[in-house]
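For reference, the structures are reproduced in the following blocks.
Paired with subunit B in one complex and with subunit C in the other, subunit A is shared by the two complexes that follow.
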Partner chain A sequence: MGYSAARGGIDAIEAAEKLVRHKRLNADCEWVSPEQIVGRFRLAVDRVMGEAGIWDEQLTAVAIRQAEGDLIEAVHLLRSYKSTLPRFAYSQATDADELQIIRRIVPAFRNPPGPQMLGRTSDYTGRLLELTTEQAGQEESMLLASLALTQELDTSESPASIEETQPRRLLETLREMDLLVDRRRSDDPEPFDITRTPARPPASRSARLSSMARAETGALVNQWYRNILGPDGYVHEVTLGEVRHGYLPLRINHPLTGNAISIGNIRATEVEAIEDLNGIDEQRDRFDIGYGLCLGHNEKKAIAMANLDIACHRDNGRSQLEQSLLLTTDGLDSSGFLEHLKLPHYVTFRSMVERKLAVRDSKNRERAT
Partner chain B sequence: MTDLLNELGAEHDQKQFGILDEYSKREIRRAILTAVAVPGYQVPFGSREMPVARGWGSGGLQLTLAVISPSDVIKVIDQGDDQGVNAVNLRRLIVQSTKVHETTTASEASIVQSRHRIPEDGLDEQHILILQVPVPEPLRGVERDMRELARMHAEADYSKMWVSLYEDKVRNGVITQTTGYPCLVNDRYVIATTPIPRWDIPRLDQSPFLTLFGAGREKRIYAVPPYTPVTPLTFEDVPFEVEYTPGANCSQCGSSKSFLVEIPGPASRWVCSDTDWCERNSGKAQ
Partner chain C sequence: MSAPQIEVSRDRRAELLAIAEPKAIQNLANRALELGSISDLLVVTKAPETGLIMMQVREPVCKERFYLAEVVATRAEVLLHDQAGWAIRMGTDRPTALGAAILDAICEVDDDEYAELQRSIGELCNQTIDDEAKAKLAEWNEISPTIVNFEALE
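And now, the complex of A and B:
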């Protein structure tokens, strides 16, 4: 009892809350600070910031800790916190060309204009579980710290020259080679704000892109993989043009002077996916480009997003791909609704049982006549 | 700049009443006004993330927080029960963030937030009933494409729904739609009735109270204003049926004129789903 029909719901809830809080705060091990979570679990922090649509590493670390590592729960904590805050200002649109790269790869060419720069990646590292002792790990950590202090170890992430930090994107080169469908538009529509207006098909491209930018990473990866082994076939033959990770400046207009001022940087992952057009109504002598951009370092998400962006454009409303992207990829929507099945449903179930018996009665009456 | 932000922040903190910021409340109220003006029409709104998960009453909670004022008295039920775990949690959030009074007695309340039931007590003009909606689209069972759904509602083209009800009747001998029975509101829009049981449907028709439906996850608000016709979709020669089990009556208060739920077991018995009403009804009997 205590779950539903019984009295004393509040006592049961408070006891459950107390148990969670007690076990979380009083775990039999060392306390974890937000700094440690940001420093040691940066990809989890980045993923949560992207899905929450909020740039604040410290706050995100606190959310991950409170959620005991359940990343969707951490996203929920951050988004509902955001609901309590009024909007003071809107940032200016930032040109993605301003992205200062700390990682960039171009799979489409061996020697593209600008650098191929691996940066901080474990893509080419054997996935071997490091079974060193805790003591050895800590000793290595201290050694590296002292080397970094004496600058014997180069751990700077940024390249030196401007050509190297902000290289021209491959798209420009493809345009010069006259290999791209030109989809540039002359107008400059206001971006669709998915947090204020629910996006429904048919939606603008900005609505689709921002929905995917906030989508749950696994949901987007799955939407993409359905094209490979599942029932969908929207993605044809995609080659990645750009995979970038770097810093973007954030500017707002000063509320008093009206002048643009920089209020800091955010990190973002940006991907361009080149699609080999093969449809009978398409320009089959050219390529087209899909775009992905999300907060933090999250390449899986940005790649899936870029693939699905071009897939959705090519689908052009023929299927319900757009509806899937807009409405089924949000982590809070899907997991919240899934978990709601745990709520009491005995009123609806009683109604179902009653109809089952009504069908049976009706069949029996039929047989009798 | 920082000073200005702090100033704005301080102003905001003072004004905060009920979790949502004032701009969000205003936006939700506007959507409510549209919903009342066009009964049964699903009004899109910028549903906020709440401290409860989507699917757990986030839509109902936003409606309550948008319409509530300090003098209101709130009753929250889940399955008809004030002590259901999620009802308790929602009530606690509302009361803690607004300091309004709470009650379990429907007649003392001004706002009733509910999942899956309308209280057995007759609500009247003083009440706003707020229903939590998991799936606001009544036609989803017959059509999945949202573009087509928008067209069907716009043109009041409910033919697929009628065909589906007809096929149901032909195949099964009865209409098997259980809860959330589709109803025509004000002779114009078909709505999904939350899922409240069919038992509660006649109580929406020409009701003196305002009913607001909030679907947080799907970002839709719709309304049945007071004294509005609500007609369950059925055929002239197929009467609409509410839940009924011959011989069943409440093992606590003896009622056979309330919505009953079964307690299964060797000696199966029935109890009222509206626990507060049942308690008062038992008192009367003694």
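And now, the complex of A and C:
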């Protein structure tokens, strides 16, 4: 493998770049504002934020627009931008128990502690492509806007209780039933920072969690699917304990008072995957839990992450799973390598052709003698 | 006459100015800048700067910390009558971050000239508390009808 740079072509390159810019900025349709992208394509925005490892909806919308909807290119733009910014601080550690839910599902248990709340989902209904006219769509939009969603409902004047917005976890119930392997650590190791040092196997769990939180969604889902049904042959029971979407507070120290203050919330998706332990060296009378947490509302990614977290733990370096997770699921890495193949490789290929011709010459000489 | 007491602590004020309406902050900051004396006494010690905060989370299974992602934020720092004012807000809004730092400094200065502004800043803080509570309640009223009790088939 090799790549040799080419010279020249500056005029054509500039013309091509100008064409992209011209067509993007002068498309024959209405201008799209970042607010529209955040409002109408929230899941794409959330996905890109997660894969770029950066929380800022407005900037992400700008990146998606500039990338003409190519989400991996938007990730590229954001990561590049991020590299120009100073790091102000590491936040205080936010306990995941503080997540204020706006959606919570417990597939494993009918009566978990706290409510199960479907939130904003169409998981339980059939989805068909809405082929209504633009006019009908806009009329429906205006009608809905005129009717506040809550007008049709019994509204409460009192705020939700903490049991409702921050319900206890199913894993706590399982712990109380003594059905869970206890992996709680008494030490408090510093997390691995994948933005400063690439994570390589054998990696700490914090490095794996950070890597998966930033991984490309499709790559992670594929890795999970391969792990469950594919050639890795790791078919096992998959049960989700918790699927949550909600708000997590961001806290930093006030530089003048020294106290921790909350400066706002981010949204995140959190998943706990219950693992049925069945190995010879495992506690077969107990379960274990895998954990997934990623920015925004991205349940596919968090589910895959939780299952791969526990799969990695159980695998304990026996297979190439951890290596595969750490080295192949970053969207910018993989697509960057893939995209570079489009650049001129004239010298590389010429040398390959010359090798083929040399082999042929050699064979011809052998035949001749 | 001493400066009116602002009901929120400095830490709480920083939290509220971090999420308060940008226009309200900028309006109050502009009002402050119209005061005659302030232009001589206000020093921007750290111009608004956008950067990143690495968010740490402690997960529930092993109680381990890990880095989730970085959050974009903008901070600013000023000095007014030798009192430091500081603010940070998520996002890239530099004018609002600077405005919030000015408001923070004003609240720290013990000078009658700022009494009315201090009252207004206190009101903004209280308004922000109200707005946040109302937004939470409105969201809860939207999502609570989706609370579900699935039945298990025996």
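Throughout what follows, the second predicted complex is superposed on the first by the 335 of 369 C-alpha atoms of A that agree within 3 Å, B and C clash if a C-alpha of one lies under 4 Å from a C-alpha of the other, contacts with A are read in each partner's own complex, and residues count from 1 in each chain.
Throughout what follows, contacts are C-beta pairs under 8 Å (C-beta built on N, C-alpha and C of every residue); 3 or more make two chains touch, one makes a residue touch a chain.
For clarity, every value in this text was computed on a predicted model and none was experimentally measured.
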Item to complete: Would you check which partner chain A:L250 touches, where first means subunit B only, second means subunit C only, and both and neither mean what they say?
Response: second
Item to complete: Mind working out whether A:A145 is in touch with subunit B, subunit C, both or neither, as first, second, both or neither?
Response: neither
Practice prompt. Could you say whether A:P115 touches subunit B, subunit C, both of them, or neither, answering first, second, both or neither?
Written response: second
Worksheet entry | Touching partner for A:L43 - first (subunit B), second (subunit C), both, neither | neither
Practice prompt. Using the superposition on chain A described above, determine whether A:T195 touches subunit B (first), subunit C (second), both, or neither.
Written response: both
Practice prompt. Go through the superposed model and pick first if A:I261 touches only subunit B, second if only subunit C, both, or neither.
Written response: both
Item to complete: Using the touch definition from the top, say if A:S91 reaches subunit B (first), subunit C (second), both or neither.
Response: second
Fill in: Partner contacting more residues of subunit A (subunit B vs subunit C)
C
Practice prompt. Identify the partner contact of A:I54: answer first if only subunit B is touched, second if only subunit C is, both if each is, neither if none is.
Written response: second
Worksheet item: Is A:V20 in contact with subunit B, with subunit C, with both, or with neither (first, second, both, neither)?
Response: neither
Discussion item. By the touch definition above, which subunit A residues appear in both interfaces, subunit B in one complex and subunit C in the other?
Written reply: 82, 85-88, 193, 195, 254-256, 261
Worksheet item: What residues on subunit C touch subunit A, complex-wise?
Response: 10-12, 14-15, 18-19, 49-73, 75, 84, 86, 88-92, 133, 136-152
Practice prompt. Write out the stretch or stretches of subunit A touching subunit C in their complex.
Written response: 49-50, 53-56, 58-59, 82, 85-97, 102-103, 110, 115-121, 149-150, 153, 155-160, 164-165, 169, 171, 183-185, 188-195, 205-206, 209-210, 213-214, 248, 250, 252, 254-257, 259, 261-264, 266, 268, 272, 289-291, 293-295
Item to complete: Give every residue of subunit A touching subunit B within the complex, in rising order.
Response: 2-10, 12-13, 76, 79-80, 82-88, 193, 195-198, 200-202, 254-256, 261, 317, 320, 323, 327, 332-333, 335-340, 343-348, 350-355, 357-359, 362-363, 365-366
Worksheet item: Which part of subunit B faces subunit A closely enough to touch in the complex?
Response: 1, 4-5, 8, 12, 16, 19-24, 27, 44-51, 53-56, 58, 78-81, 83-89, 92, 115-117, 134, 144-147, 150, 172-174, 176-180, 195-199, 217-220, 241, 243-245, 259-262, 271, 273, 275
